[in-house]
Amino acid sequence: MSDSKGTVVLAYSGGLDTSCILVWLKEQGYDVIAYLANIGQVENFEEARKKALDLGARKVYIEDLRQEFVEKYIWLAIQANAIYEDRYLLGTALARPCIAQKQVEIAQKEGAHYVSHGATGKGNDQIRFELSCYALCPQIKIIAPWRMPEFYTRFRGRGDLMEYAKKHGIPVPVTPKSPWSMDENIMHISYEAGILENPKNPAPPGLYTKTKDPATSPDVPDILEIEFKKGVPVKVTNVKDASTHLSSLELFVYLNEMAGKHGVGRIDIVENRFIGMKSRGIYETLAGTILYHAHLDIEAFTMDREVRKIKQGLALKFSELVYNGFWYSPECAYIRHCICKSQELVEGKVQLSVFKGQVSILGRESPQSLYNKELVSV
Amino acid sequence: MSDSKGTVVLAYSGGLDTSCILVWLKEQGYDVIAYLANIGQVENFEEARKKALDLGARKVYIEDLRQEFVEKYIWLAIQANAIYEDRYLLGTALARPCIAQKQVEIAQKEGAHYVSHGATGKGNDQIRFELSCYALCPQIKIIAPWRMPEFYTRFRGRGDLMEYAKKHGIPVPVTPKSPWSMDENIMHISYEAGILENPKNPAPPGLYTKTKDPATSPDVPDILEIEFKKGVPVKVTNVKDASTHLSSLELFVYLNEMAGKHGVGRIDIVENRFIGMKSRGIYETLAGTILYHAHLDIEAFTMDREVRKIKQGLALKFSELVYNGFWYSPECAYIRHCICKSQELVEGKVQLSVFKGQVSILGRESPQSLYNKELVSV
Amino acid sequence: MSDSKGTVVLAYSGGLDTSCILVWLKEQGYDVIAYLANIGQVENFEEARKKALDLGARKVYIEDLRQEFVEKYIWLAIQANAIYEDRYLLGTALARPCIAQKQVEIAQKEGAHYVSHGATGKGNDQIRFELSCYALCPQIKIIAPWRMPEFYTRFRGRGDLMEYAKKHGIPVPVTPKSPWSMDENIMHISYEAGILENPKNPAPPGLYTKTKDPATSPDVPDILEIEFKKGVPVKVTNVKDASTHLSSLELFVYLNEMAGKHGVGRIDIVENRFIGMKSRGIYETLAGTILYHAHLDIEAFTMDREVRKIKQGLALKFSELVYNGFWYSPECAYIRHCICKSQELVEGKVQLSVFKGQVSILGRESPQSLYNKELVSV
Amino acid sequence: MSDSKGTVVLAYSGGLDTSCILVWLKEQGYDVIAYLANIGQVENFEEARKKALDLGARKVYIEDLRQEFVEKYIWLAIQANAIYEDRYLLGTALARPCIAQKQVEIAQKEGAHYVSHGATGKGNDQIRFELSCYALCPQIKIIAPWRMPEFYTRFRGRGDLMEYAKKHGIPVPVTPKSPWSMDENIMHISYEAGILENPKNPAPPGLYTKTKDPATSPDVPDILEIEFKKGVPVKVTNVKDASTHLSSLELFVYLNEMAGKHGVGRIDIVENRFIGMKSRGIYETLAGTILYHAHLDIEAFTMDREVRKIKQGLALKFSELVYNGFWYSPECAYIRHCICKSQELVEGKVQLSVFKGQVSILGRESPQSLYNKELVSV
């Protein structure tokens, strides 16, 4: 190990790309620590651990960040009504700083000078990841193989990766690659690239994996009551079966279930990436969609109009910062403080139905309401 | 007529309130010209004309403003993606300056020094109406009976109006008053007040008049292609039956029909009125909802990201100005100019489905697209 | 006292107008408590106390609010770099909520249901005063004689006031009224109306009372070093004589002296009043002008660029709110919190000269500086 | 010439750096066309032409851009009240797109595929220059020697340049290099770097080259009347000697003379550069400072308050875009259009004095004034 170039903490997914990167990093002379964040994606974590160790990782970290992701990242987005370019609820963007923060923490604990990731050189994720790492640890060094000529000229396509895998004993996926790329976490899943790149082509049947098609979803709505304190959901009640869900993670998972059952949260958009190009993305955001609507409603009900306008301006900026990867920047820290401050009185219950792809607000009540029935009546 | 206090142009609806106001104005010594704007509401205009004449109106103007309303007001809102407090598409607010502008025109043509309306003293509409009139004709005098003690102390409730009606030969409505108030035009209908005032109570079954309940709407979507030029829809094609709709009014009416058939456009919100109080409103916005989504999509597809951000800021202000009745203010004129300017390259076709209350974007194409498939692909 | 309409706390200046109002209020059947705020204006307070008692005031409060005014109001404006329409440093606007807050406090302590003031019906001050009172005590009742027909039709000009004064034993000013109106406090003095109303006419010679004419001010500058902590000045040192000034009030008075000596702080502007009209104002803002420049400099030196931009947007809104009298509104409270938060690292020393009407920054240093000499050098 | 790598249009200043670059480019195998823009700096253009030809330039372009710079760039900044971070009037930033635009035009005319410049790798100017070039001609290739390792590792300091100069017959400056760098044009001069880099050190005596020291400037002011049409100055009259100045270039030069005579336009600031670092700059902006104050005044006098607020927001963004080099971006084109639109009624005359470093507004008049003397008077 004396000849090692040093230790690198690699954000490892278990898939073909990062498995090849793991081996390639070792080939370059690095010690590799594999790091796998559980942010709610479907994954066989133990199998991935074994695979990483088999490929020569010195150590494997599997970190369950789901609760942290919900409470420290998603809740702020809900408080902000964060939405990028009027439509995207930022599911992927919110996860990056959460993942990066733990990766930097591991690097610091392990004395590693390097972190590495498998993000491509044209996407937002490389930027979100790297800005987070640099903000948290300015002296960290980042190895981004897909931007390094010695890597990308060697691996010009999937074929090269497959060949390299075979040669180095990396297990090759048996199922064919899906004709688009996906990114999943507890908040959402994205579908991009491949045959989806032509923005004119509709999403093919069978693309969506987390929500029922509204055409075949149940013919009877679920009615939910969501209770907020300081702009954050603290309790979800299903009015029909009277089941209640209290902790942040539990209620979020339950809302995911409800949204999935009723086909809530699909969108197909073209968005402007940080590095300038336009990109087509198809997303499913489940609980996030329900909570976006519910929070908008309780906030409008309890917040002073003029405070709301100011906060709305800040939230616009917040959404842009999050999309572009600036979660850990000074300006985002400042805005996060200001947004939290605005939520002190955002408290109450919202009733809504989920049905056939739609969230419909039915009513709301609050101990903090600024609504005055006497005033408003004719 | 020598003893007349002068001529007043009254915005007349044919209903109990403005009929009483018509007679009351004559009682006060004014000559009354009744003015009834056709902005797409369901109404028997000829019956209303006859009624106004019977009650003593010197003249009756019935003006079909539907095309003007669509082209000069609604189209700008579509170009702006105008939305108040993130949810309300401004259906009522957009109609006021359109109605007022013609009323002032009639007053000027008739040499009338007064205009009058039946709006209450707590709502937004009095303000929208009056700001428009003053902006267009600063010397006009406005008679707002519901803010005049000599009127509102005499008519303390519907009972007083009914009694007055009977005494003065004003036809009394035979159907009981609905337990909420409604305002309708070609863009939307609102339901407010009465039993809806308690924001906790859901909309009662049967309230909605323009959209099918998604629970009973067709089980098969309609697929529409909407073509835009300079940010304005110029053609709607139903992909299934290949029917096309070209003129502004025709395509708008067709989209209303499609939205109504599939239950698109219902919302239930609490909003902040201009004069400060919070108010609960339930709305159906049909074609407006489809076009809001379609325009968002084609704009995101064709507009430079940074131009979009600036335009988004202007549109936020525009929405607020329209809501508050400042359509004819200098700042709104300025913003309208800037928004139009931003739309020069917003051109192309959006495919979408309407189904079970939802508008879902399926794809888009444009000769002006800034989308670059080569660039975006990995 | 059983026949009294109640007690009114009158903002009393000792001048002709409010003396007449005091007597007139008694005439109308009110008990009057005179309240005179010392916010740094030139005034014989004891004479005013005697006068008020002579005129029948039941009680007189003379409150020294200078320190409170500096620390709770002016310091926030300095932190915000508050400036209205790019030029006006808000000297009068900042004083109103300070004065009103104490007046409401006195009313509450004395069980008075009324407060009264002598502001005219066209200015900003009536609004600033009244919005503050209502925000602090929504049930308070305000008596604004200059907006009441029974008062303003009786007192149509200064002649009527003089006559009334003579009749009621109110001491009549012996010096002729100045040909413009003035408002003074520790932060600034304003000159408006009268012969200044024509915006084309230059300020007449001799108008300025607090600053030397730069043409005759000293030919040698004073060099000052101002130290800031959390965006607030905590120490002023005169570099030449090494005198230091530490407490908020003391250093503010000292900066007033320096600015006055060197002719710093004069402006002549046309501004937009809250109620819509444009108005010409001439101002002298002494210490406020020095601190505006010094704070801009230390803030630029220590604050992150992007945080600064966000804060700049908030400060623009803050300035508008303060100008319009909304200091005690929820949105202003929110913005004040956010502005304070932005100042945590605004710390350091600024050297500047005051000379011939100008404040010139000479240099700055800070333990918190984000300035990096290594980085910047070529 | 068949072996040439192609033709490069070099922004040539006649100084040591760009002379070495010229020779170095030839050494690398390029044909070099020297381009020297006259934007009002003090320069012996004919000597520079000869020098460039002597050093092997194939052709030399000397372009007098002064009028274009004033009318197409500076006038827009005046209309916008453009100011970066509340203090910097953008003198250097405005010149870059003007210079670049002509350079690209020459490259296109000459069929050159390359443009080159001598800006350093840490400043704003490289970015302003390059963004302009790419926006105007996306396929142009930029050679920036100071960012190329083969250049900057060879020329590690002034010593290396001197040696190279001697070796290649490049005339070596006889006067020692000033202890700071300067950039000059008709609008301003900047002093940066070198001994000025420590932000604590005051500007040394004798630094300023364009303005008199207020301590020794005349003891009698000049009184000027500046007339605006559509927000642009069209006539300057010296009230004392009745001299008038009408064309854009002539009046701008005259205002420069007046400002210089009276010491107007010096500032010493720390600003945030585009690439993130803070930088200390000392500037003299002469006519620009006078016009900034005069335009602010006539605009406030003639523009609707609410339009002004919207325009102010746009101008803030405009200033940032100009500072960062985005003059030719789509968003800046859009904002420039909107700002121009806002100026349609900004018309009238402002009287002001220039004296001892200060511009003092004395009065204003306008045929378009929204000022209403009747309304405002008490």
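To keep things simple, chains are lettered A, B, C and D as they appear, and every chain counts its residues starting from 1.
One rule holds for everything that comes next: contacts are C-beta pairs under 8 Å (C-beta built on N, C-alpha and C of every residue); 3 or more make two chains touch, one makes a residue touch a chain.
Chains and their UniProt names: A, B, C, D = Argininosuccinate synthase.
Everything numeric in this text was worked out from a predicted model, so none of it was measured.
Enquirer: Counting shared numbers against all numbers at the contact of chain A (Argininosuccinate synthase) and chain B (Argininosuccinate synthase), is it over half, same, or under half, different?
Expert: The interface is built from the same residue numbers on each side, given that over half of them are used by both copies.
Enquirer: So which chain is farthest from chain D (Argininosuccinate synthase), going by the mean of the CA atoms in each chain?
Expert: Of all chains, B has its centre farthest from that of chain D (Argininosuccinate synthase).
Enquirer: Which integer distance in Å separates the CA centroid of chain B (Argininosuccinate synthase) from that of chain D (Argininosuccinate synthase)?
Expert: 50
Enquirer: Express in whole angstrom the distance between the two chain centres, defined as the mean CA positions of chain A (Argininosuccinate synthase) and chain B (Argininosuccinate synthase).
Expert: 39
Enquirer: Rounded to the nearest whole Å, what is the centre-to-centre distance of chain A (Argininosuccinate synthase) and chain D (Argininosuccinate synthase), using the mean of the C-alpha atoms as each centre?
Expert: The mean C-alpha positions of chain A (Argininosuccinate synthase) and chain D (Argininosuccinate synthase) differ by 45 Å.
Enquirer: Can you pull out the residues of chain A (Argininosuccinate synthase) that are in contact with at least two other chains?
Expert: Counting only residues that touch two or more other chains, chain A (Argininosuccinate synthase) contributes 309.
Enquirer: So that we know how the chains sit together, what is the shape of their touch graph: line, ring, star, complete or other?
Expert: Topology of the interface graph: a ring, with each chain touching two neighbours.
Enquirer: Go ahead and list every pair of chains that touch.
Expert: The list of touching pairs comes to A-B, A-C, B-D, C-D.
Enquirer: Could you list, by residue number, the parts of chain A (Argininosuccinate synthase) that touch chain C (Argininosuccinate synthase) in their complex?
Expert: The touching residues are 304, 306-307, 309-311, 313-314, 317, 329-331, 334-335, 337-338, 341-342.
Enquirer: For chain C (Argininosuccinate synthase), which residues are in contact with chain D (Argininosuccinate synthase) within the complex?
Expert: 81, 85-87, 120, 122-123, 181, 193, 197-203, 214-215, 219, 221, 266-272, 276-280, 296-297, 300-301, 305, 308-309, 312, 316, 320, 351, 355-358, 360-365, 369-373, 375-378
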